[in-house]
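What follows is a pair of complexes built around subunit A, which joins subunit B in one and subunit C in the other.
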Partner chain A sequence: MLKASSLMVFYENMLALNNVSIRCENQQIVGVFGANSAGKSTLMYTLSGIMEDIKKKEVMAGGERITVMGEIEYLGQDIMGLKPSRRAKAGIILCPERRRIFKESSVLENLKIGGYLASPAQAKTTLEYVFTLFPALKNLSKRVGGFLSGGEQQMLAIGRALMAQPKLLFLDEPLLGLSPLIQATLVRATKVIRDEQKISLIVTEQYARPVLPIVDFAFILENGAAVLEGTREELMDNPDIRSAYFGI
Partner chain B sequence: MDILIYGTINSVALALMALGFALVYGISRVPNFAHGAIYVLSGFITWTFLRGLGLNYALSIFLTMLIIGIFGALLYQFILIRVRGIAISEIIASYAMGLAILEGLRWGGFKGMSYTLPVFAEGSILIGGIPVDYQRIIVVGIGGATVASLWLFTHYTRLGLALRGMAQDERAALMLGIDSDFMAVVAMAIGAMLAGLAGILLLPLGNIVVEAGYNVLILAIAVCIVGGLGSWMGAVLAAFIIGFAQILTVVYLGSHFQMVVALLAIIFTLILKPSGLFGMQKQLEERV
Partner chain C sequence: MVNTEQFRRERLDRGIKIRTDGLYALMSWRELSYLTLPRLILIVGMLLLPLIVPGMYWQKVVTILCIYALLAISFDFLAHYVGLVSLGGAFFIGAGGYLAAILNSTYGFPPILTIPIATLVGAAVCTLLLLPCLPLRGVYFAIVTLMYPLVLARIIEALDILGGTDGIVGVDSFANRWVEQYAVIAMVLLALFGIRRLVNLDIGLVFRAVMDNDQAVRASGMNISYYKAIAVFIGSALGCLGGACLVHIYMWCGISLFALDFSILPIAATVIGGSGTLVGPVLGCLILVPISELLREFGTLRIVFYSLILMGFIVFRSEGLMVYGERKYHQFQRWVKV
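This part shows the complex of A and B:
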């Protein structure tokens, strides 16, 4: 479904992604694990095209020089250099780190704004789907986004991303700073989304253990380079990985 | 009673002047200093259609709105987009465009007292014993309708919701497939049309003079700063506060203090509550 090969991203002379190749097959959940500043968010930005926008703004403001190299193939097409809105239209949706929900809009409005790319019929069915997936949101639908708890905000962010009708959904650190209970709910929901919506997902996390049971394949990033990859079982069997990322 | 009636009229007029500015700033964070110029320009375009080409009044207004909308979109697409995100350059570029338009109009011979637009309907009625002419009633009516339809547009239509999403977090909107450059162009077109609408509604109350462009810009900025930059409902509320304050000044102090009120309002707001009455984002950050 998605195949990115030898991605290189430079911020000025700083190498943020070093020759990273990752792929995601149809209806797979792929994990990308790595410590803080390993390049997870940069990878997500590069794949979803947000990096193109950041680059453009930096050029306009005369700021940092950002260089992106490599190839990204999505559904058999080269999408390198494509604007983020075009990629989103093709089904690549990013649910960003720290959620970035619309703080002044209500929960319902957040979801409606998320449905920008959906047809009215799609928006209606997806809205109902999001409320069955996260029943907690239904009771809060009038609440202003900024007043939600972290877990509720994350549910909203995922729901909002679903409204955009993704075929390939990126969840960037969805569990960051949440309680184990909410983490478990979200991990379960992620699997349900894959099974029911028949979409592919790439999930990044610093700490792999909560997400590991649901991933089909995973990549480990270290200092901007993909140092290891394998199926869940392969990674579990590697003693270094177990101690460093799974805490077992 | 006359304070109440003329205060309301003045407030709605101010709200009309400021809405376009507030909308553009709220969505694309570009302070459109060409706002006043667009206001005056729309008056002269209507005048040209009406008097120069002899078209029907309604048709002239329609054509003017169309042209002004396209003009706003082009202004953004070809000039402001290049300096987007660089605050000082945005102000200089848009102010320069405003100056070019206004002084260009003056240079082109649009000066003096001979340029007037006819009122939409002649005559006046008595409200509570005070004579109010129809044009001012139309201003209040259309002003109210504009605010209401703007609210409906931004709360219930796909495009309007996308504009609000972008106003709150541009990058998050991008992730949902909302093309921010296109949205900013749309916002600028709507903003320019709002300035044009204000011009067409308010200019029949007096002469079309180039200087009005500068006054309208100052008033729009005053309203937006008091209301909280980027907040549309704040702008409407601030328009009422400044509008009534102006009328009270006219009644009790003298009409030449009218402009002072708007400028003092800016100064006091910046001293007491820099984020304005409805600096929503700030307020949320403080509470959470």
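This part shows the complex of A and C:
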């Protein structure tokens, strides 16, 4: 479904992604694991096209120059250099790190904003779907986004991303700073989304253990390079990986 | 793979920049001049300015330019080092101007006394009046600073105090025009280098921290309103200084001191010169004020040209001249194979 090959991203002279190739098949959950500064978020930004936006802003403000190289193929089409809005219309949706929900809007409004580009019928069904997926949100639908707890905000962020009718959903560190219980809920929801919505997901995390049971395939990033890849079982069998990323 | 064929433009610091970062700068003339030349050009250029411009009219323009430069430095300092967007140029100019005029015409103080007194008292008054909106974050400061000059001008007009619409006439001038010009030029240079020193002191760090995250500053046990008040005092002192000089230059003080030009032009100059550089705004004034004088021949169309120049800068070079220049001065580019 998505195939990115030899991605290179420079922030000025700093190499953020070094020759990273990743792929995601139809209806797969792909994990991308790595420590801080491994390049996970850069990878997400590059794939979802936000990088093009950041690049433009930096050029306008005379800041760092960002160079992006490589190839990204999505559904057989080259999407390198495509605007993020075009990619979103094609079904590539990013649920950003630290949630970035609209803090001043209510839960319902947040979801509606996410579904702005979907047809009214689609938006209605997805809205109902989000409320069945995260029943907690239904009772809070009038609550202002900024007053939600971290876990609820993350549910809202995922819900908002779903409203945009993704075919390929990126979850950037969805478990950041959440309690193990909420983490488990979210991981379960992620699998449910894949099974019920028939979409592909790419999930990044620093700590792989909670997410590992649901991923089909995983990549491990280290200092901007993809050092290892494999199916869940392959990675579990590697003792170095087990100790470094899974904490087993 | 394709990427073996690809090239990327790399930006690197010049060797001399690295060398002059340390004490080695004192080792050779070349490195010394690399450091001091840009500053010298600015200082010598400013000092020569009254001598090289043709005629009295343009000398007057240079003086007015310096007043605007003071305001622009004050705006840049408040906006990009403390995070307070001030539209109060007119307010500061008016406060300083009226104080100096009253001190001079009513109490007979000479300019050498009225200017420092008006600067300090004016700054204190401005800070006091702005104090209520300092704990707030956001646009409130900008709105309040914008409202004060309008309010004060209308009060003076309506109550017919302080000379009313006629203003205060018969304010003493400087001893002669050379004193006048070099006084304001010296003030601009002092303000420029002084503020640049200030923002690198410890208190400058606190100012910048207030801009970045005032909650974290509060959590560190510091009173942000206090620090903001200090910053506003410094910023408004620069503006009041400009205002006090201005009334002695015009030998007149009226409600046109509260004109919006004093609030807007410094902002435009900061945008053009490069925000957050402090030198940039002065540079912006050096460009904008003469342009606005030259365009006077076009009558009302001048605003159109003026706006076009501004928009061009914002769209194509929103970083500002100074940021661009600094980069070209300190860094070079080359193509590298990826």
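Rule of thumb we're sticking to: the second predicted complex is superposed on the first by the 248 of 248 C-alpha atoms of A that agree within 3 Å, B and C clash if a C-alpha of one lies under 4 Å from a C-alpha of the other, contacts with A are read in each partner's own complex, and residues count from 1 in each chain.
What we mean here is this: a contact is a pair of C-beta atoms (placed from the backbone, for glycine too) under 8 Å apart; a residue touches a chain by one contact, two chains touch by 3 or more.
Everything quoted here is computed from the prediction, not taken from an experiment.
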Next item on the list: Could you tell me whether subunit B and subunit C fit or clash when both sit on subunit A in the superposition?
Entry: clash
Margin query: Looking at A:G146 after the superposition, I want to know if it touches subunit B, subunit C, both of them or none. Which is it: first, second, both, neither?
Written below: first
Checklist line | subunit B or subunit C, by number of subunit A residues touched | finding: B
Check: In the superposed arrangement, which partner chain does A:G114 touch: subunit B (first), subunit C (second), both, or neither?
Finding: first
Note to self: I'd like to know which partner A:M60 touches here: subunit B for first, subunit C for second, both or neither.
What the structure shows: both
Note to self: For A:S85 in the superposed arrangement: first (subunit B), second (subunit C), both or neither?
What the structure shows: first
Note to self: Touch test for A:E12: subunit B only (first), subunit C only (second), both, or neither?
What the structure shows: second
Item checked: Clash with subunit C (superposed arrangement) - responsible stretch of subunit B out of 93-101, 129-137, 165-173 or 237-245 -> 93-101
Next item on the list: Starting from the residues of subunit A touching subunit B, keep only those that also touch subunit C in the other complex, and list them.
Entry: 60-61
Margin query: Residue numbers of subunit B touching subunit A in their complex, please.
Written below: 82-86, 155, 158, 161-162, 164-165, 168-169, 171-180, 182, 280-281, 284, 288
Next item on the list: Going by the contact rule at the top, pick out the subunit A residues touching subunit B in the complex.
Entry: 48, 50, 53, 57, 60-61, 83-85, 88-89, 93-96, 100-105, 109, 112-117, 144, 146-147, 160-161, 163-164
Item checked: Contact footprint of subunit A on subunit C as seen in their complex -> 1-3, 6, 8-12, 317-320, 323-324, 327, 338
Next item on the list: Give every residue of subunit A touching subunit C within the complex, in rising order.
Entry: 6, 8, 10, 12-13, 19, 60-63, 65, 67, 69-71
